[in-house]
Structure formats: C-alpha cells, structure tokens
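So that we are looking at the same thing, I have put the structure below in structure tokens.
Here the chain labels run A, B, C and D in written order, and each chain numbers its own residues starting at 1.
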C-alpha cells in the first residue's frame, strides 16, 4: 500500500481525488489537508465519503504525516509552486493539478497567469500528464503537471488530426464546460440564478487554457499553431464538450478521419472514438469520447469528458498509477453513467 | 404620470420592479438607488433594460430626486425600517418588499428576525399587501408590507379552505422555490455546482416565512393555527410550488373543494383555480395558479407563482396601483410564458 | 382592429403567437386552428392564456372564420405550402413560420428538405422576414417567410461584418439552442433524461438552417460563402447562442469591430450591440443581443435571442406590424427578463 | 463466476444493471435481451459500456443462453409475470424490478395496476427486497420483488420512526423525483421543454407506489396506516427526495429522533443518518441518506437516493448478492459523487 497525501482536500479536485482513491486497491489516503476544516472528520465535511475514509481528519499540513509515498497538490495556481520544491527535495513523487508546472517556457506562464514563477528549477522536470500521448515519460517522472480540463478535451480531439498534417494548424476550439470546472468558491458567474438557465461565454481570448492547448498542438504539429479558444459556461455540473474546427489542407474522406482516430485510440482504455459523442456516457468516469465529422473542406472534432475525472482528478490518478508502476487502470476501471 | 423611486435598484426585486415599471403607462421611474452602482447608467448594468430607461443613472440615495410620489423599498430586512420613517414623514406612500413591516406583533418579528425593530410606530400602519384578500385596506394604505414569496404561494392555496372551517388549522406546507428567491448575493447553497442538479431542504423549521404564513392562516381560521413549513431549493431560476396538506374536519367531495376555490378566485385577474398547477404557465407574469385534490380524508392544495413577480415585485406593483387609485392590472396585464 | 388567424395553434410557435397577440392593441385573434384540440376552449389547453382569449375555441380550419385580415401559418414544413396558395388567392397577407418559403432557389429547398416544393409560384413573392435588414421589402410584402431561429441569431451576428468585406466569407457557426426550438413533439433527443444534464451536437453538417444562413451571408458578401454550421442542444428551454468565427482579411482593431456593429444596430429597437451577450437579458422578449471580440486575426461574434420570440413568433409579429402599416414595436415593446 | 441474465436490457434499469454488474467480481453478464436491439453489440447501443462488456450482443430472449444462475427481470409491469413462472420452474433465482410481485394481496395489485395478476402462485413466494429491513428473508429467497424507487426512499425515512410507535400512522409523503424514474420512453411530461424548468405534481393520490409505502408502513406500525403520497417531477435526471411528515403521539426531543435513526442505520453500509440530506452525496451510488427534524409536535423525515441505483438496479444487485451468498457490498462499494 502506497501512502498518499492530498494538499487541498476541501476543493472539488481534492474531494474528487479522495472519492477515487478511497476505493483504490493499492493506495491509502494518509493525509488530507485543509486550512478551513483542519481537525474535522473528513466524512463529516464530505458526507459522501462516509464509510470510505474511516476516521480520517483534515490536517493543517501534510508535514504532520510521515512517510508519504506520493502527494497530489490540489491547490490554486501560485500555491502549488510553494509546495512542490519541498516534495522534490524529500524525494516524494508528486502531481500538481494546477497550472503551475504545465509550461516549459516560464515566460508563457508569467504572461498568462500574471505573476512570477518561483520554482523555475522544477518546471523543467515536470512532465505533461496526458497518458494517451506521453505515457512513457510519465512513467519515469517525479513530477507531473496534470493537464487542464478544457485542454484535455481539446487535445484529445485535435492531436490525432494535427499530427497527420492533414489539417491547418489554425484551430478554433469552441468549448463548453459544466460549472464544477470553476471550482467551489461561489462567484457571481456561477451563482445559479446567473448561470442556471443559459450558456455564458467568458474569458474570451483570455482563458489560461489557450496557451496550454497551443503548446500541445505545437508538439504535434511540429510548427507553431494558433488556437482560438472560446470557453462557455453550461448549466450542468459535470462535463465538457469541446467542438474543434479545422480546415483541410488536402482532400480527405470521412473514412480517412475515422481511421486516423481509430488508429490513435483503438487500444486505449479511457479514450474512445465514437460516432456521436455523449457527456452522459462518460460522466462520473475517467473515460473520454472523441468524434469527428467532415463538413465540406472543414472538419469538426468533438472531445467530451467529465471535467473532474478525466479532466482533473481521474487523470491525475491515471498518472499516479503510471508513476508508481501500477496498472494504469487501477481504481479507475468503471464505466460512465450513461443516463 | 406618477414619479416613482426604488431604493435598492441592483438586487433582483429592484431590477424586477424596474423591468415591470418601465412599461407601466402611468408611472415614470424617477430614481433608482444603488450603493455599488451609483453614477452608472442603469441600462449598462441591467442590459435587459436597454431602450426602456433612457439615460437614467443609479443614484446614491432617493433624496437626490425631488417630488417623488411613491417609493418602493427593495432592500434587505433591517434596512427598510430605516428608510420608511422619513418617507412617512414626507407623506410619500411606500411599499416595503422586505419582512420589516409584515408583522403587527413586534415580538414575532424580533423573535424570527433576530434583531430589534426600530420603527414600531409605522408597524401599526402597515397593511399586508395581498390584494386578493385585503384589497380595500390596501387602497387606503400609506404603507404596504409586501408579502414574502413563499407566503404568497402558501396563503393563496390555504386561505380559501381554512376560512370555510372545513379543515384543521394544522397545515403542512412543503414548499419548493427557484434560486432567484435567495437573492443576487452568491452563497455556497446557491452556487450552481451545489444546487444545480438536486433539491435542497434548508432552514427547516426556522424559515422566516413560517410566522408570516401562520399569521395569515390565523386571520382566516379565527383561531390559532400551526404551520409546519419546509422550504426546499429547486434547480430552476424562477418559480415556487407550495404543496399544502390539510386534514378534513368533516366530509367533503372534490366538487366541494372546487366550488370553494372557484368562489374565491373566479373573478380574480391574477389568481386562477386550475386542474393542474403549472409554474411554466405563470412564469414571467403576475399570475398565480391554485389547485386542490382530495385524497381520502386529506386535501393537498397547490399554489404556484413566479417568486419575483406575483411573489415580489409584480404584487408590489399591483398594490401600488391600488394605492394610487389606478386600475389594479395596469402594467401587469400579460400572460405567463406557457413554455 | 385587424382580424388575425393562426394555423397550427397548439404547437410552440402557435402558442407563442397567441401569447404575444392577445395583448397586441391593434389585432384580435379571430381564429386558432388545431386538429387535435378543435372544439376545446383555448384557455383550457393553454392555461397561461386564461383571461386573455375570452371563450375562443380551437377550430378545425381557418375557413370557418370570415373576414380574416392576416394569417400566420405555424405548421411543420411541407404543410405550409398547401395553405399559402389559398391565402394568396383570397388576398390575405400571410407569414409562414416554417421553412417552406425561405429559399428563392427551389432546388436548395428540395435538396435540404427532401421533398418536392408544390408552390413554386408563391416562392418568388416571399420576402425573407428579417426586419433589421429587409424592412422596406417586408413593408410591401404579401407573403413573408419568417427566418429560422438559428438563422436569425447567426445572421444578426454575421451580416454586419460580412458586408464590410473585412472578413472571409468562410464562416463557422457553432450554435447552441434550448429545447423548445425542437418543438412540442416528444422525441428521444428531447427526453429530459437524455438532454437534461448535457449538451448534444446533432444534425452536424446536415441541419436545414445551414443553407438559410448561407443564403443570407451570400446576400451580404456579394460572393458565394461557405457556412460550417454545428447545432448543439442545450439543457435550457428558451434561448440560442450562436458563436460565429471569422478570419480577418485585413487588419482591424476591436474599435473597428465595435463601430461596425454600432453603426448597424445603434438605432434598432430590438437588436443591441453589447460587451457581453446574455440569453437571460433577452429571454421572453423580442430582443436580441450581438457582441464581437477580436482574438488575434480571428473574430468571434455572438448572437443571442429567445428562439420562440425573436427567433420565431415575436419576429413574425414584428413583420406583421410592418406589413399592416403599424408601428413595428406594437405588442412587442417589453424588455427581457434579466434574471 | 455466476452467469447472470437480464431481461429488458435497453431500458434504464436494465442499462443500469449492466453498468453495475460489468465490474462485479463474482458475476458475468451472460445474456441481455432486447426486442428492438436484438443482434446489435451492447457497447454500440450503450456506448458507456465500451470496454466493459466485450462483444456481448443483445438477444431476443434469455432462452438463447444456457446455464444461467440468476436472472433480473427489468421489464414493465405486466410483462414480468409472464417471465417469472418459467424461471421459477427451471429453478433459476430471480429478481423482478417491476411492481408485479410487490404485493402479497393480489387485490391490491389488481386495483392499483388495473389488470389481472396471472401468476398468483409465485406472488406468495416473493420477498420484498429491502435489505436493511428484510435481509434474512432475502438471503433465503428464490424470488425477490425489488421495491419501487419512491417507496424505498419513503420507507427508509419512515420505518424507523413508525416502528417505535412514537408517531401517528398517518403519514404524508411529499416526494420529488428526477426524470429517469419515468423510464426511457419519451412522453409529453418528460419532454424537456415541459419539465426542464419547473416541478410538476402528477398522479396525485393515484400513484402506484402509494399502496407499496402503505404496505411497508403497515408492517412496521402493526396497524393499518394511511399514506398520503404526492409525487412531483424534478428537473434533474437522477435522484429522489422524499419529505415525510408525521404527528408525534407522545413527547419527544430531537435527540430521541437522532438515536432512533442511529440505532437503525448506524451499522448499515448503504444507509446513513445525516444532519442534512444530499442527493449529490449519493448520486451514482447505492447509498441513501436519511435525516429527521422535530418541528413543534411534527416530525419531518427526509430520504434521498439515486432512483436508478438504491432506488432500482443497485438495490437489486444488493439483493442478488444476498441471494447468492455473496458479500452484500460486492460490486456496489463506491461512494456517491458528492459534486
């Protein structure tokens, strides 16, 4: 049994990590931190964990727990970079779920996140945690930067096509996300009366997942890409649909598209190429679905996933499994709800 | 044209008053106050009012506007009682949309609202603004206490039956409200991820509309009643359904029930007795629907309305019409959305 | 008072026409047809119309009513083309809310709708009923083809930009619609458990509003355009957001975009150019909002409206007003709900 | 490995059984029937099962599969009674998820379901499958009648209190259910535009779960009870909240209530007594939560669960585990989603 700690245990991604890990056969949640809930029983705060975490209590800091084998940092960006250096020093493998370690180019980070990066050293070590594309690197990593939820859905839809050279590097990503992607802090935008019966474009042209998708597209395109990313808030709790638009550079048929995606994902456990993408098919699971359609000389590719699972905590556990030498599917091998 | 002021113009009830009054043929919105938006154009803050309020700007206080004929106080409870005395002194008729003037018994107020009432003098003057039951009193009033949204829906369903003496005074009100009833300030409970795909009982046995419904039931029962009130938050923006349960004291048929309600509401413009109550039939309008069903020796009566219209600002405008000697329907004579 | 008839009075657009017209000062609903409800009181079927349509009953056919001045045809496509010829013969002005008269090119119709057009004669007479662009033609028309809901939202966002020649004619329209756009007949896709907590792409590359948007874009572009149209079903009842993507052909600033749209819509009653588009600001009203944002060398323009009002029945009434020589705003001059 | 068959594999409860059983360590889904999908791959119809059911195909009938150890009948009522006799004859243990075997009194069945019961013989054998109350009987049963979703939520909330004799047998159950409880067949009521932004009372006083709750209450009350049951349709997909109202017969404190429920459920795996009930805490899991509150001399008790899991297929698997001598938790030991 690996002893695992989670820094930031009350937020949505921290809660979701607990939900997944509490039934994982090879790990034990040994520490869960929370500033506001330190000293309280975890199952009193998260009543859905009753019976799954025994008498575990939130602590102020993971340093109160000895002999941790692995740590998830589920804090807002800017905080993670203060936690990671110590973990790396102590030789504890870690995954950061914030944006702090996603960019190899520190300038990109500083430009989009608006503050200095104080741990450039470990930035270079961090592997981008998208197992379907970087499985081997993740296996050998000490530090993984868990991808953003929008970024995961978009990259899964875009990468197979981009890497063939069949389409322009100029991608439009029209993305729609459930509200849990915005986290647990109440805001005007996520107030039910504001967002409950509408769809709201926000951070248009300014969202921080833009450079992340661009970075990924670049890796596959082999040249500099341009991503036009427009996020929109859906009146659902869990789920993302990213609709990605490309222009063909050469002739292609629907069959060509199908075989490109089938080749990419045919053997994957968690990503499926399907005729019609469905959030309900993947919600509550670590699965994602990808679909594509040829429309004249354009292609639309869809990526759907549960933003808290494959878009955050589930993918983090998938990476942890790889980093600890476990079966990648461990603790995650459940279908989506369907209905 | 009557010159009307609204104290508290950014909140939901203030915004809804503006929405209704801006097309009212006999009044002009002369002042709209807002601490946070003072100096800004109203139509820049509430873009849905573009074209309906000209260049009107929010002001810090209504005292900046001269010659007001009428004022709506759309502030939180505790604030209204600081505004009303001056209005009464200046001889300006007013309606308070908070709970401050709803109880004739100051002790009931202080017990349920948890703070002192500082304007006991005007408390005695205030008329409870439910036109279908207190029309004549409202016509002659200088100060009207606008009923709560839950209370309106419950009283409309309960009063006709209670006043016949056919049922026990012991009423259970299982009420369900859309989130706009909770106002515009984001909270943990009204955060979309919390409330968007569930129904949440809250303030069970402690909600402030309990004594309000009791007071009203008392008036019709002629003896002291007991109301068990359980509010529940629905994942919709507008609308309330109150399901009210009674025990029959003597035999009755469904036809008896039907004729009681038909007699009560048959000539009303805004309250309709129907076979099946529908929030969608009344949403966005000042209409309410009431239905009743005999189940053995029990009766369930339903009251539905749009909490921001018949449950708040629409009813306030209906009262204003009566207080100003206008046609009660003026500015409100529109059907609900249906779909 | 003009005597107006509605063919297809039980469907959503027919019901919405009734809702709007019942308070219109210059018209009287003289006939409402319904095969399934013929003989029933309208207010028993649509309880939201109680008090607004007197004792009006559904009839089998409008021919049962004499001296109609105007008729709305709110039937499915294919049916309208059987009704319109008689109306034209009798000299009754009419608006068709289906797709039957939207295309001047009968081949386009037959290709996308999959059946023959049996009234080519009147096809040539029909004016496309988008008042903000074809006001004068509508004024003189005997027959108006009311635009589709998606098409209206997309054209309002696209046309001002396209006509400047500043952008490519190659437009991507990623559209999201509430479920009422799909009509009142229950289907697997609009079953709440299917669509209630997700967003569903459908008819990708095959939706019939595609050629309609293309036709409109062509008119403004002066050359043949290509529209990639992807509709997606939202878990809301009313409302459309169309996100339209363009590539700039020459340099432009955000200020350039703003002034193009301001020039177009600055004097319009029902279409507003705003910084942030909001479905809630226009829902339940005939208003639409348009916004645009420059992102590098791309532009995203948003169009939002209530699909049943500005996207259907409200726009039809706006056209009727023009055709009957009335003030364009009559019966429609109400703000959106805001909340 | 037990070989399990499911009759009725395309409906929601059949699909949910597949979702749960496909990761159950001790059973194998050997047969899944579907009239409409016979011959198709299960994972092509239910894409959420991709990777979990291999190449399994729907068959016309379970008789095409040999050596089944256990069968779930997930068909509409009236159909199950035609399937069960053969299974009993062949000695195959079975659970019926419809209402066909829930009543020992055939007259009650015939009165509420409106048709004859054609398998009275096996009616007597059937055990009511609520493990928290009838665990031992279920262990020894050949045939289990799986409780209704509303009934489960209401009985879990009512039974502990009723059996103490502390409250009147006269119970009001105001219940609210997500739309998946209505099944997969599209209807007018479950059409999104009808039910998506409202709450709809339906089958008031006539719902078939009424006698089921009464039967259960009777068993615990020891005398004849009367249940006033009012179901209401919520705009969510999964989840039920039953709010149950009682009158105290003798004095009691909140602490008394708490200890009654703690004693009942303190050692249960799937039912938890909590201060505030939450559908989100149990959704997607076999857990239920119960809460109670004293209000004067009334008590309100809440029961919440996921209608497709603890309210249907999860509970059925829990019963199957008991009937097959397996650990009751097998295949079900997962927390609810929380968010």
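The rule is simple: contacts are C-beta pairs under 8 Å (C-beta built on N, C-alpha and C of every residue); 3 or more make two chains touch, one makes a residue touch a chain.
The model shown is predicted, which means the values in this text are computed figures rather than measured ones.
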In terms of C-beta pairs in contact, which of B-C and C-D ranks higher? B-C
What's the farthest chain from chain A if centres are computed as the mean of the Cα atoms? B
Chain B and chain D, separation of their C-alpha mean positions in angstrom: 39
Taking each chain's centre as its mean C-alpha position, how far apart are chain B and chain C in Å? 35
Quick check: how many Å separate the C-alpha centres of chain C and chain D? 45
Each of the following residues of chain A touches two or more other chains, namely 12, 180, 184, 193, 197, 235-237, 276, 278, 280, 339
In the complex, chain A touches chain C at residues 172, 174, 176, 193-194, 197-201, 204-205, 226, 228, 230, 232, 234-237, 239, 241, 243, 245, 276-280, 283, 293-298, 300, 302, 339
Of all residues in chain D, which touch chain A in the complex? 12, 15-16, 19, 22-23, 46-52, 180, 184, 197, 237-238, 269, 272, 274, 276, 278, 280-282, 284-285, 287, 289, 308, 333-339
In the complex of these two chains, what residues of chain B are touching chain A? 12, 178-180, 182, 184, 186-188, 190-193, 195-197, 235-237
